[in-house]
Amino acid sequence: VEDLKMQEAHMMSISPRAQLGERVRLGLGVRIYDHVKVGDDCEIGDFVILGHPTQNAKWAGKTLQIPPGSVIRSHTVLYEGSRFTSSLETGHHVVIREGTEAGDNLRIGNYSDIEGDCTIGDYCRFHGYVHVGKGSRVGHFARLYSLVTLTNDPLPPSHVLQGVSVGDGAVLCVGVTVLPGADLGVGAFICSGSQAKGKIAAGSVVLENRPVFGIHRLRSLEHQIVHPWMNHFKDAYPESAWERLDKLKAEILVSAKAFERSSQPFIKRA
Amino acid sequence: VEDLKMQEAHMMSISPRAQLGERVRLGLGVRIYDHVKVGDDCEIGDFVILGHPTQNAKWAGKTLQIPPGSVIRSHTVLYEGSRFTSSLETGHHVVIREGTEAGDNLRIGNYSDIEGDCTIGDYCRFHGYVHVGKGSRVGHFARLYSLVTLTNDPLPPSHVLQGVSVGDGAVLCVGVTVLPGADLGVGAFICSGSQAKGKIAAGSVVLENRPVFGIHRLRSLEHQIVHPWMNHFKDAYPESAWERLDKLKAEILVSAKAFERSSQPFIKRA
Amino acid sequence: VEDLKMQEAHMMSISPRAQLGERVRLGLGVRIYDHVKVGDDCEIGDFVILGHPTQNAKWAGKTLQIPPGSVIRSHTVLYEGSRFTSSLETGHHVVIREGTEAGDNLRIGNYSDIEGDCTIGDYCRFHGYVHVGKGSRVGHFARLYSLVTLTNDPLPPSHVLQGVSVGDGAVLCVGVTVLPGADLGVGAFICSGSQAKGKIAAGSVVLENRPVFGIHRLRSLEHQIVHPWMNHFKDAYPESAWERLDKLKAEILVSAKAFERSSQPFIKRA
């Protein structure tokens, strides 16, 4: 066993300029470049690359900051010049490029790709194969499910960059594409496979590419749950975030009802 | 050359508790954790991780069983607590999590992600970027093409888990999303880009999100082929499976015709 | 620091039969098999596999040719038996299989998968999660955005292989699926989420699965850009390619107008 541990110790390449905290666990074949700061108690999986150099002059040489308690799973590549304010958790095979500025406790699923030059709020949850284009602005507590794509080029290919904006507490279901420049209001809910474009009212549900009703109509009698999702899913977040979630829920509910009053014609669905 | 081989031998981390069969070939940088049993004649590619620990108490410490003759391609991550009854074949960059119980000869394409706590029958074929959510039940001889997603949360986010069920011999074409709790009958055929929800009749074809006709109408005069696919594609499976395929074909054909008799209104298409 | 460099030098497996040019930089854990030729000044990232063996007899033992100045990013797998005429650039976690014959300066994004037995012209740009099925023929200057899938089986599963054809300068937006045997004309533009099938007229725009108008109607007053994209995006290509782009632009413009004259009924949209 000691021999195996020895081997592991030799199978990586850590720059002497990188700053590693206490009790950082490093997997097999880890590569850490110069401009990297890893907080205490982090777990860095096998075949992970931290601080990958960028050719983008704005971010080259800037530090990649991995906060204490982060878990970076295997085969993940994080570029230099990105910051995360508290515990980051990635799945396997994730890529995050330079200039990503994210808040507390971002969690990203397998094969997701954040293209950089973007801001992401606190407690966001991205599932697998999520693609965040450059210039995106994602609020707090947003949830992006598998295969969600945030685009940015309004007339591809062009040199125009119109990043999207995703409001706090928004839910983007499987396979949603957010078109360039779209502005999704707080608590918007985009149904599976829809495209979201233009301004999407806060608290509205987008079905087949257009807002149709307020999110308080999303409910299941069988399971006794009703949106906003903070009603039944608050406990999936740390208790320290609950007060913020309560406020956000109230705000979304007000918006959802305001949306229904204002929208003409309104498509009624049970 | 001998020197190179020496290097390879040193570039991996194999737990002394793992059980490796005869003639197992190990790639560069392979990591094998404690709770792993690898059968004879397996081929484990470069940068593969076997028996990755899980935090799921139900499966932690349970053995990952890789059957004899399996091929695990590079950059793949298999968690502890999963079983495969005979030769497993994965593409590159695959992830399979804890609690996956699969039958004979499962083949999975590049970048596919099986989230665990699911059952998969014999001789299934998954292409690339396939996502199998927790709680899924997939029958025998099912075929899932690229970007197929099996979901499980009926009102995301929630704590409700409604896995989907995919019948024997079903075909899910490119980009299909199966909605939570959907129950796809034996031999159902879901066309490219469709969503499948609710109960889908055995032997029916789902086009633009609804069942439209029996699968015996899927035919090509030019290529002289007609569904059920066992008519013209049985030879892609081992001869030992042919009798089962013949029975399944007969069952699907009966269901397809029954579907057409029972469905009102019936949408006729050439 | 010297020690670290030593370690790196030992953490790879390079076949003595492989041919490496001058100033080739090799990352951590690189594996290079026998039938590989790497040109001068290439950069091979960490955990990359070059010349992965194939079981396809047509290509087994044939050389993988990586041209001078190529950049192969981390965790990428390139099979033996593929050729690229000038500088290839891949993202992270790319897979390219045997029998891919590509022209100058192909660039492929993260997680893209080229299944081999296909031809790709000069200066093509593929973003992330792009899947190129066997038998595809892609022209010069084609642009495939995220999650584009080129399929090939007209009645899955079958033994029929009907690869698609993508014309020079065509643009396939996010999430486009090209159905088996489709023939996309020069400069065709397929909108996000559409399926493209059959023969698509040169210079036409496909919206919601059918061609609707000529690409010269794709314009933005705000940003003062108008398609063909060579009008405003030529500078993203090397100057040596500009003359070809000018000719292609003229050809596309003629086709776009011809499409509008010939198409009946024509759906007018501002």
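Letters A, B and C mark the chains as written, and numbering starts fresh at 1 in each.
Here is the rule we use: a contact is a pair of C-beta atoms (placed from the backbone, for glycine too) under 8 Å apart; a residue touches a chain by one contact, two chains touch by 3 or more.
As the structure is a computational prediction, the values presented were derived from the model and not from experiment.
Counting steps between touching chains, the shortest path from chain A to chain C takes 1.
Homomeric contact chain A/chain B is classed as different-residue, with under half of its interface positions used by both copies. We define each chain's centre as the mean of its Cα atoms; on that basis chain A and chain B are separated by 28 Å. Within chain C, residues 11, 29, 47, 75, 93, 111, 129, 147, 175 each touch two or more of the remaining chains. Per the touch definition, chain A reaches chain C in the complex via residues 10-16, 29, 31, 47, 49, 52, 75, 77, 93, 95, 111, 113, 129, 131, 147, 149, 151, 154-160, 175, 177, 179, 195.
Residues of chain A that touch chain B in their complex: 1, 4, 7-8, 10-11, 27-29, 46-47, 74-75, 91-93, 110-111, 125, 128-129, 143, 145-147, 171, 173-175, 192-193, 218-220, 223, 225, 227, 229, 232-233, 236.
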